[in-house]
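Paired with chain B in one complex and with chain C in the other, chain A is shared by the two complexes that follow.
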Partner chain A sequence: MKLLANLRSEKPSAPGVHPKPFWSLRPRSDREAGDAVVSNFLLHWFPAKTYKPSLDWTYSFWLGTASAALFFLLTLSGLPLLLLYIPSVERAYGSVKDIEYVVTFGKWIRAVHRISAHLMVAVVFLHLVRVFLTGAYKNGSGRGQKREWNWVIGVVMLLLTLFLSFTGYLLPWDQLAYWAVTVGTNIASSIPLAGPEIRELLLGGRAIDQSTLLRFYVLHCIFLPAAVGVLFAYHMWRVRKDGGLARADRQALLAEAKETGAVPTKTYTLLGVARGTAPTIRTASLEAPDLTVNAVNDLVRRIAIVVLGTIAIVGMLAVFVPSPLEEPANALVTPNPAKAPWYFLWLQEIVTITTVKIGKFTINGAFLGGVILPGILVTLLTIWPWLDRSAASGAGLWFAGDRKKQNAVFLGICLFILVLTVVGTFMRGPYWHFYWPWQAWPEIPSRI
Partner chain B sequence: MERRTDSPYPKLDRPVLAVVGLLLIASTILFAWSDRRHDWRWYQAEFRKMVAEKYGAEKAKTLPAGTQQIWIKDLGNADRCITCHQGILWKGFEKADHPFRTHPPEPLKAHPVEKYGCTSCHGGQGFSIDLETAHGPVPHWEEPLLGQRLGEDYSLVDDKKALLQMNCNVCHRYDRETKGADFINHAKRLVNAKGCRACHVINGRGGTIGPDLTWEGDKAAEQFDMTRLSGQRTAFAWHVAHLKEPKALAPDTVMPNFNFGTKDAQSLAMLVMSWRHAPVPVEFRPGVARTDPQTADEIAEEQRMKTGPGAWFVKTGCFVCHNISSLGVKSPAQIGPDLSNAVEDVQSRFGRTLDDFLQSPTGTMSVVLSRQIVLTPEEKLVAIQKVREAYAEYQRQRAQAAKAAPVAARAR
Partner chain C sequence: MTDEKDAGGRRDFLYKLGFGAGIAALVGQTAASLRSLVPNVSYDAPTTVKLGPPQEFPDGLKFLPEERLFVFRDGKTFHAVSAVCTHLGCTVRAEALPRPEERTVNGVPLRMTHRFLCPCHGSKYDGEGTNVAGPAPRPLAWYHLSLALDDGQLVVDLAKEVPHDFRFTLA
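Right after this comes the complex of A and B.
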């Protein structure tokens, strides 16, 4: 009773102790109200004002927001799956079958999770392409900007997204999963010197078994999402600290410094300014009011459109696109063809192309296609902001004039990857033979 | 106050947001509908009507609603077939259409549904509660329903439903003859008659010219060379064609053509396809000797006691505890006293005559004779008679020994 009385009492029992059991929405003074506003994280998630051009649909295509929405959907749809899926070699497959066939909404939840995962890989990649083509990793007009580091974080997040998707791939413990992981970890073992050790570290042993499943499960459900979550928060924070999208820099450069009406910019209490009861110092605004809108509602509304739109589209796709589940994993039977996940198929394609047989000798392409080439590409991608010597004015501009050459090379590589991915996904049949889309694959035999 | 800029956005963005809202509602309705549309709801309602018509509304109320399953932990099977096939154990629907039909009761006597489930015999996908995915064929589910439709696809001779017998033989593989599995029985006779073991190891025994067939049924379809196979491209079809004309599928093979008829080839294909590693616990398998093995000496000794003069004591079970040394009966346990001199022994132990004691025993024997070896009054008379015979033999042997004893003493 005493405790209850304490909870009810308005007076703090000691300085700094909050007198009520729950958060109070009734500040007792303007100062308290001002402090509450300043320290509220959610109110500062977005800037107060946004440059209008940054909101354009056709500048950013809102791909980063869509990625975040997909990550949110993945986390949300992953929670029920976490309770339904059993990470054991004997029961994983059966539990996924149960989710698919008898759990209420289970099929839909799994489809949402799967489609979001595939879309996230694609959207994150497109986001990276957009940032490259607009030179958005470049520092523009602001002082102390560190856009290049945000680019590096973005590259790391792309890799994490791929790894998240790959670890999720194993969990159903079907043939697709088992052999995708076999292909993937065999490529890892072609790394010179430490290859077999790296494979053993990934698998938790020398064969794909319970320890592999557990490793991938824990990575997939705890460590990787946590890493993506933390990096995402930092990514967003850096965007704010670097002055918003790179395009805003450009607009700020172009905009003539116009004298605006005097606005209160310095004060002693926040609410005093709003009510006009506090002394304020009035100066001309540094922001160009013609170029900005209030973040609430214009930015928030657009974000709502993108996030909710993504959810609606994924939700509908999930009804109509079934999630595959192949036969239970069988170490004795290799499916033909054994394919890696689609986003790694361009690498598998390179591995196949560069595996050359000269007489009796076989040069294994796994090292070149699986290690060297992606290694070089990722390294180049990471350090590119420091190699790019183009003018700062190119930041936030689609196809800037002095970045023509690097954009062309970048697009060339993207196209190369895209073509190989399409070939690997749609035009490789049994024994990795090439088939045109209109050519039928030989019928795959079954048991009975 | 600060000057507010006019925003051009709300005019277009608000309708767009509204459309997104409508899409969200549509998506919600869609997924709720997709989860509701399973056919089993209709089948359950229909069967309820049928039961109500035949047995009254009270009976119909006892029918379970919602998804049903038989979970057999030992086999790892969760069979949800009974969600729609609700009539299998109901009498009176023998002529009804599937899925309402009564299961023929005969096979269920030895294989109760609650112990064996459905798919361990019938195949099919027990996980599923939808028509197509449960019965197959569906991609990536290699165990289609072994029913009439599949049998028709393979043009089985005589009995279109015979494919089911493959699953009989997963458990019954070491039987000589399995009731109801005619194709399998026929194939097993052929295996012996044609001497398959001359070249193949089967169940761990046989020649090494051909491949070991002990686990032939586990081979994946990809492991067969189907380039010369016409028609269905399945492991089963391959076996049928290969048995009929081995060289047609594998030109280099040394396997002779046995001129098998279609039924022979189909039976044999079913037999080899049934040779699979199935995680069947021992209590599910017939014919497995569930006892500790005896040595040849032990068996001979038991046989001797069963046919010797003490046979009655062995048959009745006295020998479990008692030796009857005079008749050559040796107890494995020897918990009780030797019955050879029971006539004297009972007198000295209990102060009662043998007849009296057996009529109303005390102590351990009262428990044994009331629970384990229950004898009728007539049988008790026989027992007294037998014990007296043993005593007579005991006395005879003792007298003989006494005659021989002085000789032995002299020799010393």
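Right after this comes the complex of A and C.
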């Protein structure tokens, strides 16, 4: 009876306790909206107030939220697959075939998992492009901001996403898988001195065998998702600590131009306020109250739209887009042409053209194009926030005036990667020869 | 005074000792876990493989997928060329030349009937196994051939690379 009474009661049962067991979908006051965030576990990582322009669809395109939704979907759709797939070189292919053709709804679940994975690579990359072009890794007006470190974490998560995809498409143990492992681990093996040892560690031996599959399986199901999960949580926490999206800083900077006496600040912990030790971040939410909205419901509603929308799109695509399964892994025959998935084809193009001869000395393209060049790209990407010397006012602004050059170079590299991807996807035939899309490939027996 | 100072020093020392021991334990256990993943034994396929009686090899080329090996026969002489691409380890395919070529390699004549093409990144090798186009950094390996002492089968030693003038000739 008391419980029922509590459920109905609009008054808190004790000071500081939210009157309702769940948050209000339609808060009647700012107080109720703020309380919802404080008292609800699912909402506790949201701010009470959000800067309205940060929610614009066309500022962030909500790509980070979509990435998170895809990761969530991958985790969920991975659970039944975890129980259906058998990580053994003899039975892996058969179990995937069973998932595809025998298990009820198996085809759909596998398609959801596969499509989410492909989309996640694309969306995470686009998220990175958005953050770069808006200079959102730059610290704006807040004190104690470390946006550059959140960018680094983002780069690491992009790499983890790629490695998750790589380990994922190995699991069916079909031809694609076998030759991808062959090429991938030989790239590692081309590293001078330590190369062969690294390859042996990856393979769990000198040949591609059961221990190889098991290693990639455990990486795919445990280590990599756990790493992404932890980094994702930290990524979100940092966004909060840095005062929301970079766009909110911009507002604060603009406000600063016209000096207005005491500067309001906000903080996150009550004890911190009492002691005066909490990190304080100047924020538009207090300086421009007309531009802020309650996180409940304006932020929650948009997140729900993006997450549910992503799930709906993937769920429907999975009905119509079949998942391919090549022939079983065959160490005796390399497919012709042997192509990596689309997001690695630019690398396949690069390792094809980067073998160089200097006098009598030959550097294998595997090392130059497969290790050195991607290494340089990733290093540059990681340290870019420290190399970017543009003004802080460029943070959170699409195509800021003084970032023109770096944006152009960045987009140039993206375009180059895109062109190589298109060439690799549509214009490479048997023996990796170049063919225009309208040219027919010659008839070459698939086996010799 | 001195006692208190000593006590502080002792406390500080014990604190550092405990902290250090904790770190050492963590590092040691992590290292042990990682070391366990470095294989100590490799169950490799044997490197000397019997390929069958030499008389049964056709004149010209025979591809042995299990060994990833091309065995060439020209009458009584044999030589074996690896099918493993030196770029990234895919299996190259042999393509018959429209007309065979004659060449002298290190003073030994070689009749080249095929060339080799890689399906992964487009490397090309001539009939001798020399890389002529694409990203391959080295020629294809040639392996040592001999006869088995017990049953007279042709034997390849995949651990023993030989120069391109190597020929195995039947007595």
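Going forward, the second predicted complex is superposed on the first by the 358 of 448 C-alpha atoms of A that agree within 3 Å, B and C clash if a C-alpha of one lies under 4 Å from a C-alpha of the other, contacts with A are read in each partner's own complex, and residues count from 1 in each chain.
Here is the rule we use: contacts are C-beta pairs under 8 Å (C-beta built on N, C-alpha and C of every residue); 3 or more make two chains touch, one makes a residue touch a chain.
It should be emphasised that the depicted structure is a prediction, and the values quoted were computed from it without experimental measurement.
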If we overlay the two complexes on their shared chain A, which of chain B and chain C does A:Arg301 touch? Say first, second, both or neither.
first
After lining up the shared chain so the two structures overlap, which partner does A:Ser88 touch, if you call chain B first and chain C second: first, second, both or neither?
neither
Is A:Gln210 in contact with chain B, with chain C, with both, or with neither (first, second, both, neither)?
neither
Of chain B and chain C, which one touches more residues of chain A?
B
For A:Val333, using the defined touch cut-off, is the partner it touches chain B, chain C, both, or neither? Pick first, second, both or neither.
both
Would you sort A:Ser323 into first (chain B), second (chain C), both or neither based on which partner it touches?
neither
Chain A positions touched by chain B in one structure and by chain C in the second
332-336, 448
Interface with chain B, chain A side, in the complex: residues 52, 55, 90, 94, 97-98, 100-102, 104-105, 107-108, 174-175, 260-261, 263-264, 285, 289-290, 292-294, 297-298, 301-302, 304-305, 308-309, 311-313, 315-316, 318-319, 324-327, 330, 332-336, 443-448
Chain A to chain C touching residues, read off their complex:
179, 182-183, 186-187, 190, 197, 200-201, 204-207, 209, 211, 215, 332-338, 348, 351-355, 362-366, 369-370, 430-433, 448
Can you list the residues on chain C that touch chain A in the complex?
37-39, 42-45, 63, 65-66, 68, 86-91, 93-94, 117-122, 124, 134-138
Could you list, by residue number, the parts of chain B that touch chain A in their complex?
2-5, 7-10, 13-14, 16-17, 20-21, 23-24, 26-28, 30-31, 34-35, 67, 69, 76, 78, 80, 123, 127-130, 133, 137, 140-144, 146, 150, 163, 220-224, 226, 233-236, 238, 273
